[in-house]
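Order of writing sets the chain letters: A, B, C and D. Residues in each chain are counted from 1.
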Amino acid sequence: MASTFGTAYRTTVFGQSHSEAIGCVVEGLPAGLPLDTEALARFMARRAPGQGSWSTPRKEADVPRFVSGVNRDGLTTGTPLCALIENTNTRSQDYKGLDHVPRPGHADFTAHEKWGAAADYAGGGHFSGRLTAPLCVAGGIALQALEAHGIRIAAHLLSVGGVEDEPFAAGGLAAWDPAKLDAQLARVAENPVFTTLSDDAALAMQQEIESARMDLDSVGGVVECVACGLPAGVGEPMFDGLENLLARALFGIPAVKGLEFGAGFKAAGMRGSTHNDPFAAGPDGRPAPVSNTAGGILGGISTGTPVVFRVAVKPTASIGREQRSADYETGSDCPLTVHGRHDPCIAPRAVPVVEAVCACVVLDALLSPSTNIR
Amino acid sequence: MASTFGTAYRTTVFGQSHSEAIGCVVEGLPAGLPLDTEALARFMARRAPGQGSWSTPRKEADVPRFVSGVNRDGLTTGTPLCALIENTNTRSQDYKGLDHVPRPGHADFTAHEKWGAAADYAGGGHFSGRLTAPLCVAGGIALQALEAHGIRIAAHLLSVGGVEDEPFAAGGLAAWDPAKLDAQLARVAENPVFTTLSDDAALAMQQEIESARMDLDSVGGVVECVACGLPAGVGEPMFDGLENLLARALFGIPAVKGLEFGAGFKAAGMRGSTHNDPFAAGPDGRPAPVSNTAGGILGGISTGTPVVFRVAVKPTASIGREQRSADYETGSDCPLTVHGRHDPCIAPRAVPVVEAVCACVVLDALLSPSTNIR
Amino acid sequence: MASTFGTAYRTTVFGQSHSEAIGCVVEGLPAGLPLDTEALARFMARRAPGQGSWSTPRKEADVPRFVSGVNRDGLTTGTPLCALIENTNTRSQDYKGLDHVPRPGHADFTAHEKWGAAADYAGGGHFSGRLTAPLCVAGGIALQALEAHGIRIAAHLLSVGGVEDEPFAAGGLAAWDPAKLDAQLARVAENPVFTTLSDDAALAMQQEIESARMDLDSVGGVVECVACGLPAGVGEPMFDGLENLLARALFGIPAVKGLEFGAGFKAAGMRGSTHNDPFAAGPDGRPAPVSNTAGGILGGISTGTPVVFRVAVKPTASIGREQRSADYETGSDCPLTVHGRHDPCIAPRAVPVVEAVCACVVLDALLSPSTNIR
Amino acid sequence: MASTFGTAYRTTVFGQSHSEAIGCVVEGLPAGLPLDTEALARFMARRAPGQGSWSTPRKEADVPRFVSGVNRDGLTTGTPLCALIENTNTRSQDYKGLDHVPRPGHADFTAHEKWGAAADYAGGGHFSGRLTAPLCVAGGIALQALEAHGIRIAAHLLSVGGVEDEPFAAGGLAAWDPAKLDAQLARVAENPVFTTLSDDAALAMQQEIESARMDLDSVGGVVECVACGLPAGVGEPMFDGLENLLARALFGIPAVKGLEFGAGFKAAGMRGSTHNDPFAAGPDGRPAPVSNTAGGILGGISTGTPVVFRVAVKPTASIGREQRSADYETGSDCPLTVHGRHDPCIAPRAVPVVEAVCACVVLDALLSPSTNIR
């Protein structure tokens, strides 16, 4: 099996929800990069649990310990970096009995079908949302490496249940306005915990989540992400394009069930005359797209306009209500009530995870041998 | 660069729209599989151009020549199979001048930014929809290998522009009805050229396409695909799950801009109590899902219910209308009219391509060392 | 960069000689395998330092801590296993000043040329022989997985300096005698620390090493390894054959400078009539080789006879004598005396490492999708 | 299965000895490289059969046809290049009956064990020395790409049977003399067909081969190869070092059974004080090795001195004498006489193949994202 993605910048994730520790090994980081551990801690904090009523009360320090790949001066050494996060706050008793009664919406069932009884179910095992913590380590480091190239990555909650935030200008079907996007990115940077562009939307979303929580239920959402500053020419045709690499990696985030670039599914209902982004000669005399319906990617390769995509996050599988399941041991149906601590909506905490995965992929593409830009 | 996908069943695609030939190398095919070349030809025919007013009049025999990997008895040898399709009917003069004026919506621009003037633009080069022919060879062979495992794969046009076909029952949010799906698969098998479940939808879609064509324009669509017969337990957690592998490969089909599994983007607006598929004890006493909102995949691993996904196809980038572009040589804006032969809607011909890519990925996952099922 | 090898059974090694910890992540292990940690500890002990005058006095417990991939019952879970070994006994002051004066025979120089001053030199950094400890973890686990398939792997010291042990019968050019090999394997199993077939050779080798040590010098050696019990048909033609995979991995052991299979370099001086292993009908009526000059591999694929290879280990680069080097800071020549604790001959401790790497590769090939044997 | 090697510069080889065609797909070639097809033809000619009494009389034009990846101006396009060589001169009747009686020393037996009767035996199938022709295409192109970086690669016959040529100075254990190596490279360039440094050695080797041929037998040899001009810092630690990548790829050349770098197996008998290459300050004030016992590689990474290695080639498996084999059909022993056209010594024609594989690997390492040198 492969819990690995990336070629030039490669991340291997390990750990189960209730194993001794979780973590990642990162290969391909250039040597001599100063790791800003405080910036990384701030980034990690956005994903951390226990921040509000929409989030699981399980608290974990989630401070990664770099056991290799960094020298005494805090510089990367060019060799594999291993980051370890201890699992200190596990309450496995919450998961008693779950090893033979699969929870609906979880991977307990498929893990049992694949690996049998040896699969470590507790808390979702290797499928747990907790595994997104090491993803944020790998992505947080990638974000720092990308900064030197002038590349910024930001995501926000586009919707929760039926409540919608305003979209990034870059995702619009009309002409792309860099000034408006800059303003939006600044606004997003101000609200690191519950990331939206509109304050009203944030409030309404929190009410939507609270309402689900009161119903012992959960709700889904959509995360929109933008990567700005990529030069044209990054990515490859066919199967290693930006879309392909992002897609493979983003579907590795638990609960992601959909992905679209630029106009996405709306493109299916459009005509070419509206969808095609025209070119105009730029200040340097080279053609450049004047709109961004394509979401910054043509033929898998960056156009120089912001890369824009949206990710659909399903409602949290763990809900407080009784559900119908069946028992591997008795061979008969049985009701199931899932205990433990769970977010009624996972989408808010998925925002930095989407940024992290996007950063890993963009850095990977940027470092790829086929990329001329260094 | 990598025009390769798959690990256990690996496909490498080569060729440009107007190179001498296009083709693929397939590695990992079991030895001793009898190649049914007539069945493959029928499958290839569904993708072939020149079948109706919605399709480019460029006609290519598209008969693959197996230059290696098959023995004199038509059996696979276990060694790499190379299939070659000669490019006999190229009209490169249609593409004169395009090497310095990028066509909107095409990869001409990004190819030039990446590779400079050496990029072979004519007809879209390596990005051309023509490269889906070798994909259909690889996928058509994979379909034959999957048949022995009782796995069927079928796709249909779910929408063109604003016209919608009925969805596969399997994609429904309510309980999954195998009998209804069987009936739908049978109906799809009857209409190999323009694949829909409803005859009325087919007619309306053809009118939609014809209307775009009369407007010198193009239109997009959505393809829905189902893979039936996969046992539970195929795929892996994190980055090599069925969703991840399908996503990476499907975005390699030109014009694909979105992908969703099961309820997909609708899941973002749902509650967990509705989204979670409950389990019930099956005839063998093991749990099995009683509905299929998840689209047959939990944690990247198959549940045993049909795998269901939808792919958004953008409108054909080549349209007859004059468009705005800019000239690399003069450094100034210029109008552009694209000549050549083009489908006003590429979605109908994408249907077998989606099946082909799905077949390659499913076979790859099935042959993976982590799959217990043989 | 890639400190990873294997596809179906994949090992990623991380750590530097003096980082906080070293370790490995192992992917692809079947679920439900009971880890025999005592057997693993015995295997690790053969590689551990501080066992005799030929070995560095640095003592490390080298007890791996399994932070993921194992459940509470000590069974593998099918998900990535991470093993961590803390670096408790580092004496970095021994390496002061070495960051700008490269030690001859070490990778200090090439690391500095590749990564600049950020490279972590102390104790050899990521190139250190200490990184063979996690290799032994991965290999020790692989050995346990291979036992279930009846596959045994054993190595011994074939030579140290000018002193030679008797070779494995299987490596002989004449007919292969299973009974004799069994006797040899039994003898090897009795002397876990200084592994030779002949007791006289062991004594003479220890004298050779002691003599080098007294001269403040070091000496090289050859390790011979055999893998018994592989069925015929494991491996692949061209670039993923057993020879290819073993070669790539074995040259990852520090100090390895040569590798040969079967008759190896002697084959270059032989005639085909002597080199070719004839076939005879076996008890089941199938052909089988009657001798083993090929070292158990034809065309990259196992023949069913033991796989036999030899690995040349260069003399330890760290010697007590003053050597000539140059200073990156002053730009001029300077003498260098290497302090620290070092083995005068690394070959004895390389014996279990060669077994470990061989086990990883053989398990990888056995689990490969192209292998019919399960 | 994988007939593929390389990451940044990736070669996939396809074809069987008697399939319709053989060839390769090359990915990762920079765009805009002018292909010098005449230089490539001259390079291919060195490997071609039918050049002397030591070589098989089978004549093949072996002119590769580039069906993709090259534009009308003969420049590479950056997309996958497919080169096809038709098999026009096959005499399969020579191989009649061989499908159930494996030839000693060949992969017929292991192919049958792996793939069963479907394996295409004729002429060695996918294992045939004929597959080295596409390897020479991939390598010949790589050699052209390396020239722009000032990197030269040359090999010669170091021995045939008991006859030895003088070694490259670079491989010597004493100080490395660039002037002497230049003179040797010039001499090698003069004798493209039977490549030796000494004319006397060439004559004696031809006699050795002729003697084997008269005895209806074959003989082995050793090929020595040098890569000059690599800057320091190319390659990686652990498993993707130059030694690892060269090892994996070189053992893909049929008949290779041994490989050593620098002093190689002799290093096992040496002391560290002799083996370590001292450093001295170079003209630019940076340290540089003053000798080359290491063969230009420390810790998998180039030192800037020439990379030197030797490859052991076993005697041709096909010999005219009657040999002992067994019959899959009858289940009993039977004598076997191999007909067909075969080289009594394959080593002379392996010389350009070793250069080709070396070029592919060096280009791959040079293009790797971890290499700073561009």
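Assume contacts are C-beta pairs under 8 Å (C-beta built on N, C-alpha and C of every residue); 3 or more make two chains touch, one makes a residue touch a chain.
Values in this document were obtained by computation on a predicted structure and should not be read as measured data.
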| item | value |
| --- | --- |
| Between B-D and B-C, the pair joined by more C-beta contacts | B-D |
| Equivalent of A-D within the choices A-B, B-C or A-C, defined by over half of its residue contact pairs recurring | B-C |
| For chain C paired with chain D, centre-to-centre distance based on mean C-alpha positions, whole Å | 26 |
| Distance from chain C to chain B - Cα centre to Cα centre, in angstrom | 46 |
| Distance from chain D to chain B - Cα centre to Cα centre, in angstrom | 39 |
| Residues of chain D touching at least two other chains | 1-4, 13, 28, 78-79, 111, 114, 126, 237, 370 |
| Interface residues, chain A side, partner chain C - complex | 1-4, 10, 12-16, 19-23, 25, 27-28, 31-32, 65-71, 73, 75-82, 84, 111, 114-120, 125-126 |
| Chain C-facing residues of chain D, complex | 1-5, 13, 101-102, 104-107, 109-111, 113-114, 126-127, 131, 159, 161-162, 212, 215, 217-222, 231-241, 243-245, 247-252, 254, 256-265, 267-273, 275-282, 285-290, 294-295, 297-304, 312-319, 321, 323-328, 331-333, 347, 370, 372 |
| Contact footprint of chain D on chain A as seen in their complex | 7-8, 28, 78-79, 237, 367-370, 374 |
